[in-house]
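The block underneath contains the structure these notes are about, expressed in structure tokens.
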Amino acid sequence: MSARISASFQEGRCSLIPFITVGDPHVDWTVDIMHALVDGGADLLELGVPFSDPMADGPVIQQSSERAIERGVTLESVLNTVREFREQDQQTPVILMGYMNPVERFGEADFPAAAAAAGVDGLLLVDCPPEEAQVLHQALEQEGLSSILLVAPTTREARLDRICGAASGFIYYVSFKGITGANRLDADALQAPINAIRSRSELPVAAGFGINDAESAQAVAAHSDGVVIGSALVKLLAESEDREDAVGRARDFVASVRQALDNS
Amino acid sequence: MSARISASFQEGRCSLIPFITVGDPHVDWTVDIMHALVDGGADLLELGVPFSDPMADGPVIQQSSERAIERGVTLESVLNTVREFREQDQQTPVILMGYMNPVERFGEADFPAAAAAAGVDGLLLVDCPPEEAQVLHQALEQEGLSSILLVAPTTREARLDRICGAASGFIYYVSFKGITGANRLDADALQAPINAIRSRSELPVAAGFGINDAESAQAVAAHSDGVVIGSALVKLLAESEDREDAVGRARDFVASVRQALDNS
Amino acid sequence: MNAQVQQTSDQPDESGHFGEYGGSFVSETLMHALEELREAWLRWRNDDEFMARLDRDLAYYVGRPSPIYYAERLTQHCGGARILLKREDLNHTGAHKINNTVGQNLLAWHMGKQRVIAETGAGQHGVATSTVAARLNQQCVVYMGETDIHRQAINVFRMRLMGAEVRSVTSGSKTLKDALNEAMRDWVTNVDDTFYVIGTVAGPHPYPVMVRDFNAIVGREARKQMLEQYEELPDALVACVGGGSNAIGLFHPFIGDRDVAMYGVEAAGRGLNTEEHAASLCAGKPGVLHGCRTYLLDDQAGQITHTHSVSAGLDYPGVGPEHSWLKDEGRATYVGVTDEETLAATHALSRMEGILPALESAHAIAYGMKLASEMRADQTILINLSGRGDKDVQTLAAIEGLEL
Amino acid sequence: MNAQVQQTSDQPDESGHFGEYGGSFVSETLMHALEELREAWLRWRNDDEFMARLDRDLAYYVGRPSPIYYAERLTQHCGGARILLKREDLNHTGAHKINNTVGQNLLAWHMGKQRVIAETGAGQHGVATSTVAARLNQQCVVYMGETDIHRQAINVFRMRLMGAEVRSVTSGSKTLKDALNEAMRDWVTNVDDTFYVIGTVAGPHPYPVMVRDFNAIVGREARKQMLEQYEELPDALVACVGGGSNAIGLFHPFIGDRDVAMYGVEAAGRGLNTEEHAASLCAGKPGVLHGCRTYLLDDQAGQITHTHSVSAGLDYPGVGPEHSWLKDEGRATYVGVTDEETLAATHALSRMEGILPALESAHAIAYGMKLASEMRADQTILINLSGRGDKDVQTLAAIEGLEL
């Protein structure tokens, strides 16, 4: 399990975890945007590995993925992006979020070492429950990478035990039944399930899906150890005019959320 | 049986029987055309009663029927036409050729008397074989009208006996398997079947279908007591420009055929 | 299933008369061909091998027996008699029509006729004929009105795929009745080597009897299935009537069952009180058309009138002579259903049972629904679902202003 | 007929793995729904009343059993093994697809789910789902790529006639795989009251098993019919493979019959050596798509590639995991047939047998003809005629430059 990840969750402070798709809005801008996110106050970066068939994502991230693929982004170039980021930042944890097939095609056996070498700290595969990932998880473990697993509102007790047993780094709580970017968040509903996770695992719990501004982040932070903001940020970046604008938007957006979290 | 019909067939002379559709090319011209046909040398007139679904007719007579129907020609107006013709000509036999349904609708019971009163001499119903017409034939007989029956190349012996027994006026031999206006005539093929009819009946035998000019009439006349010319004449009339032209065409066409027959 | 013919009425007489209806009203040239056909049919319908072959074709090619389906939601919706459907829509090519062409084309084959011709309106009978002709390697020519060729382009294409030649008919109203005239003309001309496959129980003797016999498989199966599945006969039969082949096919084996009521449903188009319908039995008079005496629609001068129905397969001014007889005898009742009622029934059956009926069959559904609601819950209606509605999707869409 | 499930192989394992294939690759939110579905299917497939109801629906609604037809002229033409066709084209709605939806929708009904969703490409599965949903009074939403909605307007209209809502999918290639993604998104969102009716043997466990079980009626019937009608099993089975449901349905009950060879025919489009085909087994690699590990078509980076086939129903970049396993095991052989060969086979079957096959099924016909000609006259091939070609008439016409 990644030391950088565990270090990034600090007692009494809600971790802020922005999500961006690698290569969107522009391949050359991603590393700068990553640094800007850190500047703005991000504690952990979640990089989307674009996939042609992102079943669990809403339109914002789908379209972002499509644009990135058109620009030639691959799992390999994602690793290069992390490597480049690590030239200046050896501290902020970076996890990859994506789907199984690009990893499969990269080579399930080769991927953990390559990812570790590039400076990746963890992997979240949306369409890969722990039952299907035992071999992969071991290999990641060996390379010091975390296996970030999801818990959903529909997850029943037996599975919850299993997931809590298999997860490392942190646990990602999906805040509602739905896809990324949907508008269904009910922050108060998070308390019970997150408590259920905490009663089974020492790992920090971050919540994601539907958090799109300072206000919703604040509401969620009341119950979780971290908040993930995806679609809202991706959308904001997609509308940026140039690199400088994108970098500025990234920094300012994260900073505003950070501030709200710190003030709560 | 009609006396006019039997009188019109004379030993050693081939009867010329032109066919026209009543009301085509124009309702008002038909009586004049009839007189012109007689002037030209016709021995017997065959008047087509237009029907909407003339199954046994080729395109020329079909279209002629359609035009006549559009102009309002009915079986009743056909009888009026004959009545008007009879004002000047009490000698030339006139038979009606048509299909069953208009007669049915007129009233099978009423028709024979009405036809006789109008001066009609016989009736040829293309779609009514003798088996279906016993009652009608008796009624026609009672009114002194002939039942003209068809014999076809496909008619087998047993039926031939029956037809020859039921026919009156003359027997109409259909010169080939096909529809009116088709171009399939083989005059030499007529000899055997017409002989077969003659061996069973005293009635004159006229041949029709496919006779379209002096030459073909001449060829057929070698074997038959009469020739019917239909489509060729109907087509000629359809192309006429006015009443005078139509009357002229009718007279000249019949005269040319008459001459050929007389010279043979 | 069993294609054997069992007689349940003494009609017609030897020359094809059902009371005053039927007979052979054709030109002399065809009289011999009809005789030949009568003899052939008499011979082969009693030939075990022929009938066994027919049974096999019905089973393995057509897909018989077709089931009887209990339309539970429709029944509940109507709130009366139980509604059962005889599923002729499941036959190969999608309608009862093929019961007849499998038989006639096979007969043609046994008679040594290499060439078959047919008339078609909507194209269903044309498709059914060319389908079987392809299989028997027969040359096939289908006559179709020019208007219908444009309206039913898909079926024209299907016939051509089967190798048939589709000939456009431009006379008269350029629709079904004119196609029939033209087929008769072809037959007169090529009578030696050509078999004319008529698509319904109309035409000269023996067609009304022969086509009935081929379609009576529907009623024989249904009667047996009713007894096996429900242990009783239905209280009423309902079928649409164009020429009348699917109706007579269902009715005939039940004619002796006097407790079984029979309803033939004609196309009332825009209403029986308008001139735009095709209801020969409801609104016509006896006359002679296409080879037989029967009820038909004509004007005072005896000219056959143009008909109208939203369903091309019912858009015909005559009707099979046996229906004329059944009507006069009072054994069957004939009613009309309008275009509008038909469309409503089409939607009802689609939405409640997931079955898109042919517009022809939807006439029967519409009347069946009405009838069911007036009957008791312990009674049963069997409706002949004579065909599926895939062929009508374009028509339905056009009515809703869509182009597909 | 008998819908009871009989096991003929020990695959998959408890969590749906066929060797290294299959499994459940979905987002966590759906894991519970899949478990619920597995339990429900385990329960109801052993419930006599449920299975009896399923049997009844298959018999009276779908029209089963479908016959086995001896294609005599085609056999003679090929000059080798006897060619038999399993006539799934005669089923209600015209393809094998309804075997599955009758089952799944009924299961949904028993699970108390009032809402069903489905993805569809050509529209066949969408029609099959909305058809059964209409009958069971279920709310039905069908996802369909925007491109397909335009290409298959007729099927869209048919679904709407049945009361279904068709939702246009504008992401990705705007075709089947994107519709599947979108259906998954709907399911994630409405997982409590919604049943996702998948149209083939792909997707996460238990779909590949459950859909196979529902379609295995085809093979069970065929096996019984072969023994009854021909007193032997066929030497080879041939079926087209899109997702693989009709193929596995036919193959599965024969897996234990080691002498029966099995051929799955994939869409080779413009050629396996081009990029324009949809032959995952012939030309793809194992990967993960739509919930399972299986052979699929992707690029070096693992992005799923756009596929091509003249037949919309085969135009899918993945395949059911059981086929992947059968391929690796060597129990079945997978081959490709091009668009051109498919069209030739479509015309051949139409002209020689009067049967217009679905373009999907025509792939199987094309390969079956080739295979027959290489086999002995005393051998027998059974081809699954998975559907009828009425739905493809417009496509065929367009290829010939006609507009209908």
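Letters A, B, C and D mark the chains as written, and numbering starts fresh at 1 in each.
Throughout what follows, contacts are C-beta pairs under 8 Å (C-beta built on N, C-alpha and C of every residue); 3 or more make two chains touch, one makes a residue touch a chain.
These figures come from a predicted structure and were not determined experimentally.
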Completion exercise
In the contact graph of chains, the distance from chain A to chain D in steps is 1
Exercise for the section: Averaging only over C-alpha atoms, locate the centres of chain B and chain C and give their separation in whole Å. Expected result: 37
Fill in the blank from the handout: So, in whole Å, the Cα centroid of chain B is separated from that of chain D by 67
Exercise for the section: State, to the nearest whole Å, the distance from the C-alpha centre of chain A to the C-alpha centre of chain B. Expected result: 97
Exercise for the section: Chain touch graph shape: choose line, ring, star, complete or other and state it. Expected result: line
Problem - Touching pairs among all chains present in the structure - result: A-D, B-C, C-D
Completion exercise
Contacts from chain B onto chain C in the complex sit at residues 51-59, 62-63, 66, 69, 74-76, 99-106, 126-129, 131-132, 149-156, 159, 163, 174, 177-179, 182, 184
Handout entry: chain B-facing residues of chain C, complex
Key = 15, 23-33, 35, 171-172, 177-178, 181, 184-185, 188-192, 285-291, 293, 296, 298, 300-304
Exercise for the section: Could you pull out which chain C residues touch chain D in their complex? Expected result: 59-61, 63, 66-70, 73, 87, 89-92, 94, 130-135, 137, 153-154, 157-158, 161-163, 346-347, 350-356, 390, 393-394, 396-397, 402, 404
